[in-house]
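Structures given as structure tokens follow.
Both complexes shown next keep subunit A, but they swap its partner, so subunit B is in the first and subunit C is in the second.
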Partner chain A sequence: MIFDPNFIARLIPALIEGAEVTVELAILTFVICLVWGLVLALANSAQGPSSWIAGIYIQAVRNTPLLIQMYIIYFGFSMIGFGLSGFNSGLLALCIQNGGYVAEIYRGGLQSVSPRQYEAGRALGMRRSTLYRIVIIPQVVARIIPPMINQAISITKDTSQVAAIAVMDVMKVAQVWVESSANTYDVFLGVAVVYLVLTSAVSIAGRLFEHKLAFAQ
Partner chain B sequence: MKEFAPLLHGYWYLLRGAGMTVLMAAGSIVPATVCGVLLALAQVFGNQAVRSIVVAYLFLIRGIPLLVLLTFTYYLLPLTGIDLPPFWGVVMVFAFYYAAFMSEVFRAGILSLPRAQWDAARSLGMTQRLMLQIVIFPQALRLASPPFVSLCANLVKATSLVSIVGLWELTMASREIVERTLAPFQIFLGAAVVYFCICYTLALYGRYLERRVLQGH
Partner chain C sequence: MVDISSDVSSRVIEPQTAVARRPMLAMDEVSKRFGSLEVLRNISLSVSAGEVVVVIGPSGSGKTTLLRCINMLEDYEKGIVVIDGEPIGYRPGATPDQRQRMSEREIAAAREHIGMVFQSYNLFPHMTVLHNVTAAPIRVKGVPRARAEERARELLAMVGLSDKMAEYPARLSGGQQQRVAIARALAMDPKIMLFDEVTSALDPELVGEVLAAMQELARAGMTMVVVTHEMSFARDIADRIVFMDGGVIVEQGKPDQLLFSPTTERVRAFLRRYNDRYRI
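Coming up: the complex of A and B.
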């Protein structure tokens, strides 16, 4: 039966419980990637071996599927003696892959500031720290916010793949409910609404943040 | 190198899986591109009603993970009575999903042409059709080609998700070998290398196109 109110009343709390895991994974991944991506981008723009190590890392993680990375960590690591739980494996794989994408966003932002800006700052006699604080970083931040919002949305959607390694996120909850109830339409609508609400929330929060920052400048 | 013996036994099976991955990706890219172009045209040249339908479609697709759409197509298609082989069902989902992202790429290509190009064509007395045909579209397609290629690499990675709904391709092939050999680390690493070869080739091609586009300006 489609739109069975009794069924929906039992489904909603289960989906919300799954959504909590999804949100937790997405927030942790995004915060860790903001730091890890910056480390990678700085390493990549420096000279010497750190630059090519970071370069190889970024290309390697961006050109292999997240699902395969999760399988390597979840199934592979336990075979060689570092067993991780499903949640931790999923989180690690999400951070490893998205760190590469976030690093590229930082790199794009840093490169988009013209060298003349540095020269102009120096010509005005600014110290290095002052130059970065009031000339370079504000411009970089303004440019990386829109792609960062997209990345946060992409991370939120990517978390659904942890269902493949038996983490009870909203996707896995939906799979379990479909298989046990055969009430596919209701479950599909429910899980679609959960993801739409989450991704819209990310996008609205991002736009508010961007707006607030634009006033601050 | 004894640890990598399972990979030596299984490599031919993995490569056959890779063939299926490439076939699936290529089969999806063609309809996705056609739908993407149509969506972009509808959004740029359509009237208000058409535009709002396209925007609603983009909102839905961009807010729901691909895995959710794949899983529920797998459950829902038999219920709707449409008798589609699983391969074509998957290709259909990929086409609809990636069309949304392709349309953004093509739209950006059309809109990023300088206003002067439109004005010049009009002042030469070109008809709307001739102007689009020989001035706007050739340049827009050239601008859109680098992000288009990176989207294709993205689609190749995303085909790994179909293994979750039980279709056979590279990821499923590697899972089958893992079940027989109990060597998840080596086999999934091998699969990752195969994905990397496909996607990195596409990424290099995209970078080459980008350099050519930049030279042209």
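Coming up: the complex of A and C.
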């Protein structure tokens, strides 16, 4: 039976419990990727071997499916003797791949600042550190917020793939409930609502942040 | 090459400007190449305190590069630049080959004394007009905010932009942005100002307001090196006009002499072409 109130009343707490895992994964992934992506972007824009190593990494992780990366980490690591939990494997795979995307966002932001801005700062006697702190970084931050919001939304949805390696996120909870109840529509509609609520929250938070840091361009 | 020192001393000099004849800028045999192209060939140029030197010449003659070498935005293979007795970029050695590159920190410190205004304004888009003008004094020189803002207000009043202090650059016209850029450079209390084709990107009706600000600055006694295509402005503002072509100073002299009775055929040909183009 579709839209069975009793069923939905029992389903909601279970989905919320799963959603907590989803939120935890998404936040951890995003925060780690903000740092890891910056490291990659700086390595990629530097001279020497760090540049091509970072370049190959970024290409490789963006051009293979996240699910494959998760399997490689989850099953591969346990094969060679130091198995990670499903949660940690999922988190690692999410960070590895999204770090590549976030690095590209940083790179785009850095490239969007005209070389003339660097010259204007230098001509005023600014040292490198001052120049970056007050001229370059504020402009980069303002420009990367919209693509970062998109990435955060994408990460939130990507976390659903950890269900494949037995992590009890909202997606896995749904699969379990479908198997035990055969009430497919109620469960998956419920899951869709959960993701919609989460991504909307990310959007709204991002929009507020964007508004706060925006300047007339 | 023309001997500059004799030219400077041959200027009519008022008794009280004897002190002001101290050289504010001295470029000594500066050479610069981009790959196989020699952009500057053994350029020597001396500018005294309070003097306004306008550099003219065809595009590609090295005018802008000359300006950019003065504050080390462009590195150069040979030569020394000295601002008010202090080297910027390289310290002279026993021989010209033994010059020593200064550290980035020392170069940055030396740049504080050189104001530069660019063709494309290059204001900081994320800062208000007032913040654009106060940022460097506060963050580079450590001027207290209140004093920096007071000075910025004076300078913005001087360039006629008192009512725009809270605006962002994107809300201003090109002429207004360029006047903010002038105020921003002046806020560092530079010893010399460099102007790199500052009106070339402006709509014709906005050129006047920028030139007026520069004229006021010249009247106030600022030492200036101005690269421009505005010949009548050059004539009005310059104490000396320098004509460059092919990376060398071909001829220099007082405005009326250089513009109306040039001694070299190269300058005559340039002025002929210029007059043909701009005759109405």
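The definition used in the following text is that the second predicted complex is superposed on the first by the 214 of 217 C-alpha atoms of A that agree within 3 Å, B and C clash if a C-alpha of one lies under 4 Å from a C-alpha of the other, contacts with A are read in each partner's own complex, and residues count from 1 in each chain.
Following the convention adopted for this analysis, a contact is a pair of C-beta atoms (placed from the backbone, for glycine too) under 8 Å apart; a residue touches a chain by one contact, two chains touch by 3 or more.
Note that the structure is predicted; figures quoted are calculated from it, not measured.
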Query raised in the report: Of the partners subunit B and subunit C, which touch A:Gly55 in the superposed model: first, second, both, neither?
Result: neither
Query raised in the report: Is A:Pro147 in contact with subunit B, with subunit C, with both, or with neither (first, second, both, neither)?
Result: neither
Report summary line: Between subunit B and subunit C, the one with more contact residues on subunit A is chain B
Query raised in the report: Which holds for A:Val135: it touches subunit B only (first), subunit C only (second), both, or neither?
Result: second
Query raised in the report: Of the two partner chains, subunit B (first) and subunit C (second), which one does A:Gly108 touch, if any: first, second, both, or neither?
Result: neither
Query raised in the report: When the two structures are overlaid on chain A, which partner does A:Met171 contact: first (subunit B), second (subunit C), both, or neither?
Result: first
**Report entry** Partner chain in contact with A:Ser200 - subunit B first, subunit C second, else both or neither
**Finding:** first
Report task. Enumerate the residues of subunit A that count as touching subunit B in its complex and touching subunit C in the other. Result -> none
Query - Parts of subunit A lying in touch with subunit C, wherever the complex brings them together - result: 114, 116-117, 119-120, 122-128, 130, 134-135, 138-139, 142, 215-217
Query raised in the report: subunit A touches which residues of subunit C in the complex?
Result: 71, 73, 104-105, 108-112, 114-116, 118, 120, 122-127, 135-136, 139-141, 168, 170-171, 184-185, 188
Query - Interfacial residue positions of subunit A with respect to subunit B in the complex - result: 59-60, 62-69, 71-72, 75-77, 79-80, 153, 157-158, 160-161, 163-164, 171, 174-175, 178, 184-185, 188, 191-192, 195-196, 199-200
**Report entry** Touching residues (chain side subunit B, partner subunit A) in the complex
**Finding:** 59-60, 62-68, 71-72, 75-76, 79, 153, 157-158, 160-161, 163-164, 171, 174-175, 178, 182-185, 188-189, 191-192, 195-196, 199-200, 203
